[in-house]
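Each structure below is given as structure tokens.
First chain A sits with chain B, and in the next complex the same chain sits with chain C.
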Partner chain A sequence: MIEALFAAVLGGLLLLGLHRKVIARVQQRPGPPVWQEVLHTLKFSFKSTWVPETASPGLFVGIVLVAIGIWTAALAVVLAGGSILIIFGVYMLHKIVEHGFGLSSGSPYGKFGAVRSVISAASEIPLFVSVAAIAVFTGSLAISDIVAYQAVNGPLLIIAPPAAFAMYLVILSKMPFSPFAIVEGKELVSGYKTEHFGVWRAGLEVANAIKTSVLLGLFLLLFLGPLSPFAFVVAIVILLVSLSFVCAVTPMLAPFDSVTIQALVTVVMLGYLVLLGVIP
Partner chain B sequence: MMAGKVTGLQQGAGRIFVVSALFLIAGTFLWAIQVLPVIWYWAEVIILFPPCCLSLGLWWMARGRRGDVPFVGY
Partner chain C sequence: MSSLGGAPWYILEFGDELVYFTPYTTTLLILALVFTVLALVSRPERQVEALFGTDAIYAKDTTVDQMRFRRFMAIACGCASMGAVVTGDLFNFTLFVALVGITNVGIVAAVKNRHVQNAAFQYGLVALTATVPLFAGAGIVAATTGTLSIVALASGTVPQAPFFARALLCLGVVGEGMAPFYAAKAEMFRAPGAPYVIMCSLSSLLIFLRVAEVVMVI
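Moving on to the complex of A and B:
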């Protein structure tokens, strides 16, 4: 189990490095090496670290622990084949964590990042209607049951493509440099993580690595079903490269536009559920 | 270990790292020999992995330095 956690951290960091590399190559830049995020995390781990004078020390440090803890818990749920509702509960907790990061710092940039996190949460929650579509077809919310269903009936990506698209958008909104990454807009310096540096940033990088592994892995389990380890790695790289292409060719949206587009997708998903007969 | 004076913060972080790492290793061993149920093992990992991570970094490079005021714009 602990080896799965280390694999998730290392794999997540490499995937984030590949994400930056693909974006750079699409934009005709050389870009950083794929292992750059691993080096970043190590570099931050060895940096001089303290707590800003204006910060709330308990929350400033504690929120980093919470960030790592919740995504470790999400990884445990995925490995155990537990309920996707818990994963999406963790996903929402991550919003509160982003909010905590920004508010604890005492920096106006961090606070603006925190506020944007809440704004984006308002539009992301309804995207979880994709979960309802999965439940309609599989009759279960347990990851193990959903994977077993696909082993018999084929991938949900083909059976319920709108649900896959909605979850793809949710994952896209969590990727760095994505059109929906309004919490990390450059006009806010680094958004909610502006004042978290040194070891605190290294901890945040670890949490982000686990988050990336969990979300991408979960998408494959929910929409492609059972895969061999080799096929799983190939599929996760293809999924990531597709996300990177979107990030590379799309500018970051203004907060209003970001929320509007996600709200529109939510409306489309609700229409899809009506068609499926979930909502009378 | 780095050269130079070891601060109190580093010593505290070092102790947290050693204790959490020992508990994680013990938990992994007990789970492997099927003494510790998997749910308790994961609970242990979820609680101890974050402080283990951070305390390792703090032990490595933490300074007993005063915080400064964040940049608030021009």
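Moving on to the complex of A and C:
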């Protein structure tokens, strides 16, 4: 587990660095080196750290540990082939973590980032629809069962493409610089993470790295099935580059538009569930 | 599909009522516990705001009385959330969900600010109304299947709960957990008290997550 955790952190940071690099190249900028996020995290780890005078100290510090804890638990669930309902829960709890980050500091920028994180909760509904569609086809929500189902019947990406699209949208909404990343809008400085710096920020970067690894890896397991380690790495890079391309060519939406689009996708996905017979 | 959240690790029996700990319900329980402890040990932040029309800024303070009441409500809310996520009885689930709704109103309504009180009043109306579909859903399940035990309903030995009843349950839970969605108006964030406001959001999220499991298995 320790090795997997280390790989998820390092891999996630490199993927986030690659994400920035691809966005920059699409926009005809040189961009930072791919290992920039690793350097960022190391830099924050050794910067001087304190808790702002206006912050709620317990929550300000505790929420960093919660962020790392929930994504480490999600990684453990993925490795154990456990229920995707738990991952779904962790994904939704990440909203509460963003909420906690923003509110605990007392900063107005953090506060509005936190408020936006709750507003953007609409992004989670397509994930639930995706989970329901997977359950219809595989008859199970255990990741190990879903992977085994695909080994026999072929990838769910072909069997249930709308579910894959919904999950893709969910992952896109969690990527930095995405059209749905309203919690980190530049008009809010850095949104919910504005006041977290030093070791606290390094902890947040680590949590985001694990989150990226878990979500991208989970998408491949759920929709492509069993892959060799080499094919897994190639597929995760292709998936990331596709996400980066969308982020590079799409401006950040206004909060209202972001929620509206995600709500519309949810309506379409509910129609898909009606077609599948989940909703009578 | 009787084990959405994994096979139960431990089942605690109170007569014919069960409290069961699957990987899923245990994860939710631990999270409720962690945030309840955070609400217990954290002091509220001091929100910094700009004075409109000037370049002055000021930090808001929280009175001790207000802090104590909101902390009590947040802890009660955490306990209700813990009950809602582990209970194996549908009626107990609806009771815990209703308690989450009441405590959420309490957390918001304790602030003596016109805008926050307005938000609490509107939320209270929604939470109050939502008890009708919530308990109606549980009632219809009991009438059509003869049991309120989630474990018995999930086992397939009794008829499946009607879709209408499950939809009413979902509607009731959404109404009781509506508080965080008032964030769109930002009124409940005018007052400092992050550890307590977060408990509103967390408890709502936990009951949404639990009802998702419940309606899929019953």
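What we mean here is this: the second predicted complex is superposed on the first by the 276 of 280 C-alpha atoms of A that agree within 3 Å, B and C clash if a C-alpha of one lies under 4 Å from a C-alpha of the other, contacts with A are read in each partner's own complex, and residues count from 1 in each chain.
As a convention for this text, a contact is a pair of C-beta atoms (placed from the backbone, for glycine too) under 8 Å apart; a residue touches a chain by one contact, two chains touch by 3 or more.
A quick note: this is a predicted structure, and the numbers were derived from the prediction, not measured.
Please tell me, clash or fit, for chain B and chain C sharing chain A in the overlay.
Because the two structures are overlaid on the shared chain, the partners are seen to fit without clashing.
Should A:105 be classified as contacting the first partner (chain B), the second (chain C), both, or neither?
So A:105 meets both chain B and chain C here.
After superposition on the shared chain, which partner residues are touched by A:47: those of chain B (first), chain C (second), both, or neither?
Only chain B; A:47 stays clear of chain C.
Of the partners chain B and chain C, which touch A:55 in the superposed model: first, second, both, neither?
both
Between chain B (first) and chain C (second), which does A:271 come into contact with in this model arrangement: first, second, both, or neither?
Once the two structures are laid over each other on A, A:271 reaches no partner at all.
I'd like to know which partner A:76 touches here: chain B for first, chain C for second, both or neither.
Only chain B; A:76 stays clear of chain C.
Of the partners chain B and chain C, which touch A:226 in the superposed model: first, second, both, neither?
neither
Using the superposition on chain A described above, determine whether A:68 touches chain B (first), chain C (second), both, or neither.
After superposing on A, A:68 lies in contact with chain B but is clear of chain C.
Report for A:1: first if it touches chain B alone, second if chain C alone, otherwise both or neither.
It touches chain B, and chain C stays clear.
What is the C-alpha-centre angle with chain A at the apex and chain B, chain C at the ends, nearest 10 degrees?
It is 80 degrees after superposition, to the nearest 10.
Classify the contacts of A:88 with the two partner chains as first (chain B alone), second (chain C alone), both, or neither.
So A:88 only meets chain C here.
In the superposed model, how near does chain B get to chain C, counting Cα atoms only, in Å?
6
Output the chain A positions appearing in both contact lists, the one against chain B and the one against chain C.
On chain A, the overlap between the chain B and chain C contacts is residues 53-55, 66, 69, 73, 105-108.
For a test of understanding, state which residues of chain A touch chain C in their complex under the given definition.
Residues 53-60, 62-63, 66, 69-70, 73, 77, 82-83, 85-86, 88-90, 92-93, 95-96, 99-100, 103-108, 111-112, 114-115, 118-119, 121, 128, 132, 135, 139-142, 279-280.
Would you mind writing out the residues of chain C in touch with chain A in their complex?
It comes out as residues 1, 4-6, 23-24, 27-28, 31, 34-35, 38, 41-50, 59, 163, 180-181, 183-184, 186, 189, 192, 194-195, 197-198, 201-202, 205, 208-209, 212-213, 216.
So in the complex, the part of chain B that touches chain A is made up of which residues?
Listed in rising order, the residues of chain B that touch chain A are 24, 28, 31, 38, 41-42, 45-47, 49-51, 53-54, 56-58, 60-63, 65-73.
Which stretch or stretches of chain A touch chain B in the complex?
Residue positions touching the partner: 1-2, 5, 44-55, 61, 64-69, 72-73, 76, 80, 105-110, 189, 194-195, 198-200, 202-203, 206.
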